[in-house]
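The following pair of complexes shares a single chain, subunit A, combined with subunit B in the former and subunit C in the latter.
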Partner chain A sequence: MDITSLFTQFLSGLTYGTILFLVAAGLSLIFGVMNILNFAHAALWLMGAYFSYTFWNLMQDYSFGFWLSIPLAGLAAAAVGWVMEVVLIKRIYKRELYEQLLITYSIALILSDTIKLTWGVTNKLIVRPEIIQKPVFIFGAPLDSYFIFVILAGAAVASGLWWFLKYTRYGHIVKAAVHSREMVAALGIPIPRIYTWVFTLGIFLAGFAGGIQAPIGSITLGMDTAIIIQAFCVVVIGGFGSLLGTLVGSLIVGEVMSFTILFWPEGAMVLIFVITAAILIVRPWGLFGTPMRT
Partner chain B sequence: MKNKYLFPVALFLLAIALPYIVPEFWVHVLTEILIMGLFAASFNMVFGYMGQLTFGHAAYYGVGAYTTGLLMVKANVPLLLCLPLSMLSAGLCAAVLGYFCVKLRGIYFAILTMAFGQLVYYIIFQWYSFTGGDNGLQGIVPPAFLGKAANPYYFFTLIVVAIGMIALWIISESPFGYTMRAIRDNAERTEFIGINVQRYMHLNFIIAAMFAGLAGALWGPFNRSVAPDLCNWQHSGMPVFMTVMGGPFNFLGPLIGSAIYTMLMAFVTSFTEYWPMVSGIIIILVVLLLPGGLLGLLEDKFPFLRRKDDSEKGAEE
Partner chain C sequence: MDFRKTAAFFVTVIACIIFLGASGVKAGEPYNLGVALGLTGAGALYSADGVEGIKLAVEEINAKGGFLGQHKVELFIRDSQTKPDVGVREVKDLILRDKIRAVINDYSSAVAMAVKPIAQEYKVLHIASISNSENITKINPSPYTFQVVPNSYMQAKAASVGIAKIANQKGWKEYITIASDYEWGRSTQAEAVKFLKELAPNLTLKKEFWPRLGETQFTSYITGIMAMKPDFVFGSVASNDNVAWMEQAKTYGFFDKIPYPGSLITVTELQLQAKTLPRNMIALTRAPFFAHMDNPMMTDFVKNYRAKYNKFPSDWAVLSYDAVYALKQGVEKAKTIDTEKVKDAMKGMTVNLTRGKLAFRTIDNQLSCSSYMGTIADDPRYPFPIYKEIVEVKGSESERPESEILEARKAAK
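Moving on to the complex of A and B:
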């Protein structure tokens, strides 16, 4: 096996890891702050992909339509997420774990069928603009030129989130809430409003990730059921509520998937779950997380 | 004491009478109710009695289903022998995986059981030469003495499920069952009185998996096939729905929940393909409006139904 093909494999792992990071970042944020494991996250990701298809379709005559449809997909998904939080999720923060899981799981079921009702069962395909139709070569390794955009977008979101958490007032509040909600509330900060916006931000990230995913292949129903479990794995490996952990976790999962395919294709997912289980057993709070209140 | 057994016996008699009254389609539905009811009741050994949420219980159901399927298709082993072997294989799986799960609590327990469940799912899904991969296994035919009609297999299922439920009942009412309740209510104090909490939880996890395996074993011959989807996380959600619908703080809650869920599904899918949406709405309503499930509601309205020893279950914890 030569170095070029290994490099190709590395790049494809990096791309997949980036997509996973975009999906998992919101999941991790929502869990870290509100302790809610959002089963509906991937359904909103898929909805983002369909939104992006619709926007692209409406703006086909304009050259910027393709690029604009991606952030718009994020905003549209965020609107759905906001409604979800205000109507349902708000009511379950203080409920039992199983009730929270059942509610988000039910929302996932409802959203999946809503997608089916709205966009139908046929696969949707977004035609890319010409500049990103041909592969590029990096050190002789071919790479889909759109993947460069994916990786850049992932890096931009990661740094944006990092900046938000480190340098803004609201970022500080969110970080403080991950550690102790009671303390934050005691300081007079309106926790319910913070929760609503953290949830909406998390869902924006999911929708944005869906928009980024959409032009990679065709958009199909049921794409979400596989990725939600992988995103859980990412969050578990990296640690709930840790941005750095989510980044490292997604790159681990992406690269493991990508390299396992070379020598043991059937075992890719099995290996991911073995790693996840091992982390949970040895260090339940993940590589970069902190032991949490239960 | 007198009316303790009244409801289960009435239910059993009803179960005997029903196939002679309802059309054949509903006999199939009844069979499914029983199989899923046993599955949900086994799940509730971990959830209701031990206080931990497992989101990977379908793995053991699937292992049971595949054990029976493989033995019947590849080795022509008689069904009656397959049932205990399925329990054994599901139990062995749980002995290995459960060893790690019981070290964790709460959300970590839920996620680890789910990760292990998916692990089992992907192994079955990818191992084409042995399990048939995503094609599953076809041609699992019930033995000749049960014939081809719906009724005989229904009665066979009824007998097996009844034995399974009685066994689970005996276990849940034994000192072991009460130890489980103690662990659920306060694991720390239970440890202090000299009980090895992890070992008890592990044992309970294995027992629950064995009965899930038994339920799975009944599924293959009923459906004439098994598929890897039986093991995945969506299928692990079913006993959670059923138990929450029926009432987790009541031994028969999961079975009642299975009846409601399965009948609703049979009814709704007959006129729309959007069952997932309908079920999602129903589950949300149940969780928000009926926290104790249907039996919990009935007990609140009619206090005489409540059994003394179970009256102050940990609903408030």
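Moving on to the complex of A and C:
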């Protein structure tokens, strides 16, 4: 196995990790701030992919349609997320974790059926512009040219979230709410409104990630069930609520998958679960997380 | 009062009651036909077309009064979600609640195999029109289960014959397989590897890849395979997974670098990926309509299907349409809709289908149907590429010998 092949595999892991990061970032943010384990996150990610297809379809005649459909998918999913938070999620903040899981799981099923009723059961395919239909070569290693955009989008989301949390007033409030929501509330900051916007932002990220996923393969019902498991692995490894943890967890899962496929294809997913289980036993709050609030 | 006439009348009435009671069939009784296909999940893409084919067949049959001109076919369609537990639950419900006499099921061989014993237990006919693992009919055979699609053994043999020829011509030495990690993918890959060993003994299997069913990210598999530089790759990836795999492999220039002969590229993929599918690829499929446009039944089917759905029928529509017509002809041969009699009538029966005159094998109820290999190329008659230079590998050329089936059954016990 030459160095170029190993580098190619590294790039594959990087792209896979980026896709996982985009899905898991919203999941982790919502849990970190609101203590809600949103099982419907992947269903909203899938809805984002379908929204992206619809927008792309409407704007097929325009060269920018393909690119614009991705952020629009995020916005459309965010609108759904906002309604979901205001109507349902708001009522379950103080419930037990298992009740939250059951409710968000029910929402996931409702969303799946809504997708089926809206877009039908046949899968959808977004045709990429000619310019990103061929591979590019980085030091001799081939890379799907669309993945350059995926990696850049992942980097932009990571740095954007980091900037938001570190340098903006709202970011500081969100961070403070992670540690003590009572203290934040005592300062007169309306926690429910903060929660609504954090949830909406998390779902925007899910929809945006769905829009990014859409042109990679076909969009099909059931895609969400596979990705949610891997997204949970990412946040368990990295630590719920930690942006850095989510990024590192995604890259770990992506690279482990990529290299295990090369040397031990049957064991790729097994190894991810072994790492996840080990983290849960040794450090339940993940590599970069903090022990859970009670 | 004429005592003899009265007695004869009552004897006739009682005989009719006994006869109809014994067969459980009332005149004009509707024929409840169940359909349990994976309408969501990995099988959604193929199953939706299957349902369309079934609906069209039922409409045509009902327009002529139904089975035997008197039993209207009533359809009960359920989603197996491509999951064995859900498939079993839905089929049981179809049997107990909707009183179906036959069920067409499933996209997934794993689901079809889980449903087989249920159909046998409740004495309901079970027709596999899309799922094609050989084990559906080979091991633990059920007299109620019939398969109208070329099974995994037949497809693997057909592909292997073609690949071995090319491998010998081109001097290929090493190959890699990529197959979906479930019943169909595993059995097709195993059979292909076995045949290639027999037909091209110089070939070495370098590596096996098993992406899980429902995989959406094939990038690491693609780059991993490309890094190993095999002479060719044999693939058994189906439905949505196949679309994702092909689309992603294409963007890496995979097909320009590595030959990918004999993989399943059905009319669904030909239509869905019309613009992007690499041309000149040698591929395999199960029931392409364009291979039988000389058969009036196929020409009519394509015409009616296009009129109803405004598109050309996929393999799955053809196969599922054929499943209904095979059942119809079984009913006609039995002269009743009584399941026991239809089941017996269908054993070894020759049927007239869109793919020609074909017979069910007595040993396993497998339809002796063809597999099709060809080169993907554009055709001005269709808005998508089709197969050119089609090689039709007949059922008789690709079936597993009966002696091997008996041995396998003995070993399974």
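Note that the second predicted complex is superposed on the first by the 294 of 294 C-alpha atoms of A that agree within 3 Å, B and C clash if a C-alpha of one lies under 4 Å from a C-alpha of the other, contacts with A are read in each partner's own complex, and residues count from 1 in each chain.
The criterion applied here is as follows: a residue touches a chain if its C-beta (ideal position, glycine included) is under 8 Å from a C-beta of that chain, and two chains touch if they have at least 3 such contacts.
The structure presented is a predicted model; accordingly, all values stated were derived computationally and were not measured.
Look at A:E266: by the touch rule set out above, it reaches both subunit B and subunit C. Judged by the number of subunit A residues each one touches, C leads among subunit B and subunit C. Shared-chain residue A:L165: touches no atom of subunit B or subunit C. Shared-chain residue A:T276: touches subunit B; no touch with subunit C.
Applying the stated contact rule after C-alpha superposition, one finds that A:Y16 touches subunit C and leaves subunit B untouched. Of the two partner chains, subunit C is the only one touched by A:K134; subunit B is not. By the touch criterion defined above, A:I189 lies against neither subunit B nor subunit C after alignment on the C-alpha atoms of chain A. By the touch criterion defined above, A:T225 reaches both subunit B and subunit C. Once the two complexes are laid over each other on the shared chain, residue contacts for A:S145 go to subunit C alone; subunit B is not touched. Judged by the touch definition given at the top, the superposed model places A:L97 against subunit B, while subunit C stays out of reach. Residues common to the contacts of subunit A with subunit B and with subunit C across the two structures: 112, 116, 225, 266, 269.
Against subunit A, in their complex, subunit C makes its touches with residues 39-42, 44-45, 47-48, 81-82, 207-210, 212, 214-224, 226-227, 240, 243-245, 247-248, 250-253, 272-273, 275-276. Contact residues on subunit A toward subunit B in their complex (touch as defined above): 35, 37, 88, 91-92, 95, 97-99, 101-103, 105-110, 112-114, 116-117, 225, 229, 232-233, 236, 266-267, 269-270, 273-274, 276-277, 280-281, 284, 294. Per the touch definition, subunit B reaches subunit A in the complex via residues 47, 53, 55, 100, 103-108, 110-112, 114-116, 118-119, 122-123, 126-127, 233-234, 237, 240-241, 244, 274, 276-277, 279-281, 283-284, 287-288, 291. Those residues of subunit A that touch subunit C in the shared complex are 1-2, 5-6, 8-9, 11-13, 15-16, 19, 112, 116, 120-123, 125, 127-128, 132-135, 142-147, 213, 216-218, 220-223, 225-227, 257-258, 261-262, 265-266, 268-269.
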